[in-house]
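These are the structures in question, set out in turn.
In what comes next, subunit A is part of two complexes: it sits with subunit B in the first one and with subunit C in the second one.
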Partner chain A sequence: MQPILQVEDLHISFRGEDGDLNPVSGIDFRVHAGETLGIVGESGCGKSVTSLAIMGLLPKGIGRVSGGRILFQDKSIADMSQTDLQKLRGNEIAMIFQEPMTSLNPVYTIGEQLGEQIRLHLGLGKREARERAIEMLRMVGIPRAEEIVKEYPHQLSGGMRQRVMIAMAMSCDPKLLIADEPTTALDVTIQAQILDLMRELKEKRGTSIIFITHDLGVVAEMCDRVVVMYAGQVIEEAAVRELFQNPQHPYTKGLIASIPSLHQQQRRLNSIRGTVPHPSAMPGGCRFAPRCDYVRDECSRIPPLLGVGEGHKCRCWLVKEGGEEHRGSFAAGT
Partner chain B sequence: MGGLWKQCLRIVLVLFGISTIAFFLIHLSGDPVLLMLPPEATQEEIDAFRHQMGFDRPLSEQYVNFLVQAVQGDFGKSLKFHQPSLDVVLERIPATLELTLFATLLSIVIAIPLGIYSAVNRNSLSENLVTVAVFLGQSMPIFWTGIMLMLLFGVKLHWLPVSGRGTFAHLIMPAFTLAVWVAPTTLRIVRSSMLEVLQQDYIRTARSKGLAEKVVIYKHALKNAAIPIITVIGFQIGKLLGGAVVTETVFAWPGVGQLVVKAIYTADYPLVQACVVILALIVATMNFSVDSMYRYLNPKIKSG
Partner chain C sequence: MEALLQVRDLKKYFPVKGKWFQPTTHVKAVDGVTFSIQKGETVGLVGESGCGKSTTGRALLHLLPPTGGEVIYNGRNLTKLSTSELRVLRRELQIVFQDPYASLDPRMKIRDVLLEPLEIHGIGTKQERLKKVEEILEIVGLGGHYANRYPHEFSGGQRQRIGIARSLILRPSLIVADEPVSALDVSIQSQILNLLQDLQEQFDLTYLFISHDLSVVKHISDRVGVMYLGRLVEFAPKESLYSAPAHPYTQALLSAAPVANPDARPQRIILKGDVPNPANPPSGCAFHTRCPHVMEACKSVRPELAPVDGQGHWVACHLHQQ
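== the complex of A and B ==
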């Protein structure tokens, strides 16, 4: 199966006050048609920056792709002209952002904001675009869609606004949808509704989705495959079931262990000690080493991303190629 | 509806305050009678004139009379023109409005594109050039700019008429002088307002929809940046009317500004008062219109 999106050895650098920072240093992943790929990691691990790079939207003059490439349907994003990119954005690749409260323009009506994109990419007239906008709003479960198109963002709740964002993103039938923490800012009940909606849309339309989140619960519910990122690198990649049943990297294990369980009585929540290193102070070897309970001598060198099983890769000295897990204190720790 | 009444009341209060200040400033700044009569006038003539003008009554009574008449649109006869002052002022109003409105338009045409340009190309060489131009424009005294333009385009190059009003060519130099004076302030507000808006999430959304950068900036960003910009343009019109006093004098532009300067020199009290009140009315109305534009620009104000 041909992947719709390939990210190969992607490096992103940002101009900082004292020298360049590299929030993303060498990540690889692929998204296949109809697949939902989860990208998981703590804030600051480079997942949002990666999504902006896919859209060609890194802040001008500050951030840039400094290595590797991004191929969308076998065409390199970096080689595209601004005009080509504009034809891609909102049309073939669409994006939903974390903050529904601030992601819609406060001074234009919902209908105008949906309509301008539909007119631009689908070449529809004003009236047809309006009809399509109403149809999209109905599809994402917004009641009284005919009236909502005349309203302004501040007249809607956060959940409604995120539905509008989804309607907007889906309005031109994109092949790839990038959802950057789409439910993080919402109430839990609304969160569940939005996730249901996205799953339903995906099944109906066969859209590929990159689902960026720090919430493993959401990943388990939404994704087919998961990429775990840490400090600008991919540290583990696996099918979602495999990842939860057989996590390899100490960081992934820590993440999974930190999900509170309903079945076990716990006094304290599990957590991973320490914080993500700042891009200006990356450890030389394994980037997780300073927080890792299983750190050893080899960890002062950068571990390679090794295949450890069917579609399962891990970046750790403690695991061996082919899935032969290194025995020792490591196994006892889980 | 309540808002409209409040606005009207505010305008009335402003006019009352301004005319009161003008009245007392004028009456406390010397004896007009001595200025108005020829030096060889006898004491009897002086007394008679003073009585005729009502200057011999107590100040408080003169003030009440002034107010009662002013409310009826009567500011007294101009001492120089021997016509009702208000008529003299109203006759000059079109010239001043023409000058200030054209200057405002010109300043907007200069400030908005340059302000946006310097916000979008932050920290570039060309942005620094704009900053230098802003600095120069703000520091040049208005009469000096006027005289320099006059020297260059009027006296040396003979491109434009040096003074007076009549054709469009007459309007260019005085309007440009005023525009150069106010545009830098507008430009700086445009720049800072755009810089803030361009960082907002909805701008990222607009880009992610595939809109051209021009549409992102002029449609999505500019309308959000507009409220502070409109506010400052509204204030600038007040400032322009003040600047018009100088500019009209420099370019012999027959407007209210030139009139008020002449009226002050000749101690034409009724005329000064009429000028001040009318200018204040224009400024207050301008601010009122700015407030109404907020409603159009920000849907939250409309419904709130």
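== the complex of A and C ==
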């Protein structure tokens, strides 16, 4: 299958007071048509910066892609002109963010904001754009859509605002939707509604989704394939079931084990000691080594991302290519 | 077992000034909450944003003066105490806040942050206080050498350890932990939860643990209360609450939580609509506008908390009341 998005050896650097920081150093992944790819990781792992780079939205003069490339339908995003990029954003790739209130303009009505985008990208007239806006709002399950288009963002609840954002993102039928923690700010019952809606839209329209989140529960429910990031690198990639049943990297294992379960009672939670390294003080070798229980001499060198099974990759010296060799002794520790 | 803390019909209303010529109305953030906490146990309070769980925590400590009801701690009625008596008692009642970034003064060294409560309560000589500060930093897993640093030099998890140290340094018996791990990453969250459990054993602490995260509450609590729009809708030992939730809201809440297992596709109850505005809550049972089992009675009569079984499982729902 032809991937619609390819990220190859992507490096991103930010200008800092004491020299450049590299929040993303060499990540690779692909998104296929109709697939939901999850990107998981904790704060500061570089997952959100990556999505901004895909959209060509890194803050000007501060952040830049310093290496590697991003191909959308085989065209490099770096080579596109500003006008091409603008066509790409919204039409082909759309994005929804964590905090819907800060992504909506407080002084325009919902109808004006949705309509603007529809007019710009689809070239419809004012009245038609309004009709289409109402139709989109209905599609995302907003009641009284005719009245809501006349209302301002502050008049809506958090869940409603996120629905508006989704309507906006989906209004031009994008091929790829990037959802950056879309339900993190919402309550669980509202989160369930929004996830349900996203799943339904994906099935109906065949949109590919990059789902960025720190919540492994949401990943398990929404994603087909998962990329786990740690300190600016991909440390594991696998199909979702494989990842949860057969995690290979000590960090992934630690993450999965540290979630309190609703269904089992553990007396103590597994925890990963220490904290995520600061981008200005990255460990020289394996970036997870200072927190790893299985650290050994080899870990002072950066491990490669190796294939360890069908579509399963892992960046760890303990896991050998093909995956079988160390599994026994390694799994016994957890 | 004796109850360390009894909360009876606790109310906290916030006035909302009416527009011109319109009367002042009230947001009933907490509207008649009753429960008790036994010595040494952890009671969890769960609910969605705006349900009044944090306000309950603050009103029972009298950090916010309650509008009505009683809070009885160790046989003493907090509502009847004077400000100075209350201040003395505060040694035993402490709170840990959600946001470790906002709850530490950026201009104070950690040593001073931790000395302050000791000075306010006039505990020990200067030497003894400094020793206590070092001790407490060791206990929460930071090490005494951190005392000279400022809050910005710490990560979120470390700051939460400082927040815990500050509430623990007076050796309280009850700690209200208000979303103590919500701002933290998963791997750090589990460190802090383990720390809270260790401290509970070591110092014989009693916790009121407030959170929106059902699995965290399940992990740490002995009994759990579920709140919706200012009222307790269910209160039960955690085993029976999580295995046999009686209130339709609890059922929906539990089914909505994502499960970190791709093969578990739980039967999901998806609630329609949003939480109603707390300034103008629905009549009768406040949940009736979203309830899948709504009946006529629910629209007009407010159900009271009543026992479901003899095992301390209480629910406020007409489905369970004959």
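The rule we apply is simple: the second predicted complex is superposed on the first by the 328 of 334 C-alpha atoms of A that agree within 3 Å, B and C clash if a C-alpha of one lies under 4 Å from a C-alpha of the other, contacts with A are read in each partner's own complex, and residues count from 1 in each chain.
To be clear about the criterion, contacts are C-beta pairs under 8 Å (C-beta built on N, C-alpha and C of every residue); 3 or more make two chains touch, one makes a residue touch a chain.
Every value quoted in this text rests on a predicted model; they were computed, and no experiment measured them.
Steric overlap between subunit B and subunit C is absent once the structures are superposed on subunit A; the two fit side by side.
In the superposed model, C is the one of subunit B and subunit C that contacts more residues of subunit A. Within the superposed three-chain model, A:217 lies in touch with subunit C and out of touch with subunit B [touch as defined at top]. In the superposition on chain A, A:272 makes contact with subunit C only, while subunit B stays out of contact range. By the touch criterion stated above, A:168 is placed in contact with subunit B alone, subunit C being left untouched. In the superposed pair of complexes, A:254 makes contact with subunit C only, with no contact to subunit B.
Using C-alpha centres, the superposed arrangement gives subunit A a vertex angle toward subunit B and subunit C of 80 degrees, stated as a multiple of 10. Of the two partner chains, subunit B is the only one touched by A:106; subunit C is not. Fitting both structures onto chain A leaves subunit B and subunit C with a minimum C-alpha separation of 7 Å.
Applying the stated touch rule to the two superposed structures, the subunit B and subunit C interfaces on subunit A have no residue in common.
Within the complex, the subunit B residues that touch subunit A are 123, 200-202, 204-213, 215, 220, 223-224, 297-300, 303.
Those residues of subunit C that touch subunit A in the shared complex are 48-49, 155-158, 185-191, 193-194, 197, 212, 214-216, 218-219, 242, 252-265, 268, 270-271, 273-275.
Subunit A contributes residues 42-43, 143, 157, 159-160, 187-193, 195-196, 214-221, 240-241, 244, 254-256, 258-263, 265-266, 268-273, 275-276 to its touches with subunit C in the complex. For subunit A in complex with subunit B, the residues that touch the partner chain are 55, 57, 61, 82, 85-91, 94-95, 97, 99, 102-108, 116-117, 120-121, 152, 154-155, 165, 168.
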